[in-house]
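Take a look at these structures.
Shared between the two complexes below is chain A, which pairs with chain B and chain C, respectively.
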Partner chain A sequence: MEMEKETETETEINLSVKEEEGSKIEDVSGKVHQLPCSVKYNGPSSVSQYFKPKPTPTTGIQESFFRGRNLLGTTLPIPHPYSGFVIGKKSFVKRKASDMSEEKNSSCWEVKAKFQNLTYWNHDTLPSHDDAFSRSFHWLSVAEALHKPVTAEDLVSASMALKKMD
Partner chain B sequence: MAWWEGVDETRLLIAPVPEETGNGIGQMLSLRRPKSGNTACYLLVNGLLQELHWFKQSYGSWFVGDYVCEDGSLYTATPVDPVFIFLPIFEEARMKCSS
Partner chain C sequence: MGSEEASSVPKWASKPCIMGIDEAGRGPVLGPMVYGCLYCALSYQKTLSSLNFADSKTLKEEKREELFENLKADESIGWAVDVIDPKELSAKMLKKNKINLNEISHDSAIGLVIRVLNLGVLLTEVYVDTVGDPEKYRTKLSVRFPSIKFVVAKKADSLYTVVSGASIVAKVTRDRAVRDWVLDETADNIQRNFGSGYPGDPETKAWLENHKHPIFGFPSLVRFSWGTCTPYFKNLVEVLWESDQMDEDGSSGSNGKRQLKLSNVGITSSKRKSEEIESSGKGRCKFFQARKLEQLTHF
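Right, the complex of A and B next:
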């Protein structure tokens, strides 16, 4: 029987942050910045040496400069029970030794760093609750409330509330 | 050793902290989106099903510590009740019975 040659892609994200011996997952809270421009580069750079956010007289608003442009930013905490993860990928092709015709293209993402807040920067405009970035955070708590399994206590309190309305 | 060593690609993800009891390995699944019926990405971590969202603005990049990540998008994984996934399948089955 002829074997069908198939290439399937399997993707896995390992969110385990259990620290093994000799490896510690770095906490980059306070150092995660969303810029309002694209930087055509991936890799290490001395960001902290040149990018120095400073507080402004307005509460919660920070100011910084990037390539001479004035940026205004605000820090958003990541709500419970969520956490921020910096994930990294190393792609490789797994081959079964017994059957060379089967090729599996798997990619595995791993947690490289974690964070509990992030700062997003606007160019010249003051950050506000109406910003798309800020609004995208609302869904986190909405989804949590909407999809959380209902407990018996929840039903009891809902029933009590309903009775009160009558 | 810096966290970025040996990494080809980097992305930022916001997801629920996995329970300590499981292995924390998330499997990417292609399931049908209840509203449209189109295939969408889901993540199964420790038995908890999550929807994967992709938030991207026209221009953006990340600074993560002393590292630059060109891809300025943000991925978020939020819990979803598996019942929602079954809705389009139930709906289809119902249509077949009545015809």
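Right, the complex of A and C next:
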């Protein structure tokens, strides 16, 4: 039991690029949508035949409908040098059926596709810079400032600034 | 809003005019709802009575088509329609702040009056088939247009010739719109045998049964907000919305009888829902909370 708890809190993620011969990772930019609802389903669906975003008179705003609801969306680029990835559990080929459970618990993931932008949708309301979703990108620059290694010059200028304050 | 327009302003329009307003396609579970109006000079009323207009429901389709063509050709009659897309109906009735069908209907009728007035037609009397309580509806219209005398009545389409005419305009437009409907969806297995669209029509029922989609529900021709859809949704993939949760908290009032009660579609308690719909950043510093950024320890 103790062991299981351990693995739940400290999961190691091994991310690898799909290694099939001659295969290139599919670019799904423009096809990634964040909906303002929870769809209790995981798997393929005929999205392009049913989900038809259309531009609106307002620049940058698209309109679509899902299950009778009106959605308003906008496409956000993923800031350089980041990328979006669609990942899936790594599939191990030619294994016995008894190994299936082990496969489920594996923390090996592989990249199935990548994207450089995504469209997020609000129910009824126009997307804005105040939306939590677009604001979440702030973390990228904050994280960079927090985690960037400190150089000697940084230390000098910081201590100078401190002295001035005294 | 709106589509075809009658001819440009005729001379008689500057004399006192009467107008009738009626709707077609309020009950059906699919296709647009159409509001139609027909107007003419007060002095033309007698001739109008001789044109054999009757409540469109009592006429055969062929007869309706014939009468519509006749009135279109009649230079002493003006008409206009407002075709409300089923997507608009669903979306408004499923909005975070829901708009019920009566309100949509009233707005459409008001829109038609505005359009005809803006054409330069001197409207003095307007006859309307009621939606909801006739007296409340009449008051609403009279406050909006003080210079017009409104007569709002049940079955106005069989009582007043001018409303019968409007009912033909609306019904023919609705039937043609459904017949020529261009589907948004491009799935190749969508058929066009919609039937009348009325929930009781076996052809409509069969069409609904054959065109439900586990994820998307139905093509957008269908009014998702109709109670008729509820039994079909039971077997579909569950979708949880933030606005449904608000609904359960009792923020929205009672709506039209046909309007889908959302709590029947969603399941379980509202607490569980909000947690499943989005991350909260609960317990983290303000920066993360405001951006709903949660720390992920496992997928």
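The rule is short, and it goes like this: the second predicted complex is superposed on the first by the 110 of 166 C-alpha atoms of A that agree within 3 Å, B and C clash if a C-alpha of one lies under 4 Å from a C-alpha of the other, contacts with A are read in each partner's own complex, and residues count from 1 in each chain.
As a convention for this text, a residue touches a chain if its C-beta (ideal position, glycine included) is under 8 Å from a C-beta of that chain, and two chains touch if they have at least 3 such contacts.
No experiment lies behind these values; they were computed from the predicted model shown.
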item	value
Touched partner set for A:G68, first chain B, second chain C, both or neither	second
Contacts of A:D124 with chain B and chain C, given as first, second, both or neither	second
Touched partner set for A:K40, first chain B, second chain C, both or neither	both
Between chain B and chain C, more extensive residue contact with chain A	B
First, second, both or neither for A:A132, with chain B first and chain C second	both
Which superposed partner A:Y50 touches (first chain B, second chain C, both, neither)	second
Shared contact residues on chain A - chain B and chain C	10-11, 36-41, 45-46, 48, 51, 109, 132-133, 136, 139
Parts of chain C lying in touch with chain A, wherever the complex brings them together	87, 90-91, 93-96, 184-187, 213-217, 219-220, 222-225, 237-243, 273, 276-277, 287-288, 290-293, 297-299
Chain C-facing residues of chain A, complex	8-11, 36-41, 45-46, 48-52, 65-70, 109, 123-125, 132-133, 135-136, 138-139, 142
Interfacial residue positions of chain A with respect to chain B in the complex	10-18, 25-26, 28, 31-48, 51, 78, 81-91, 109, 112-113, 118, 132-133, 136, 139-140, 143-144, 146-149
Interfacial residue positions of chain B with respect to chain A in the complex	2-4, 6-18, 23-28, 43, 45, 51, 53, 55, 57, 59-72, 74, 76, 78-81, 84
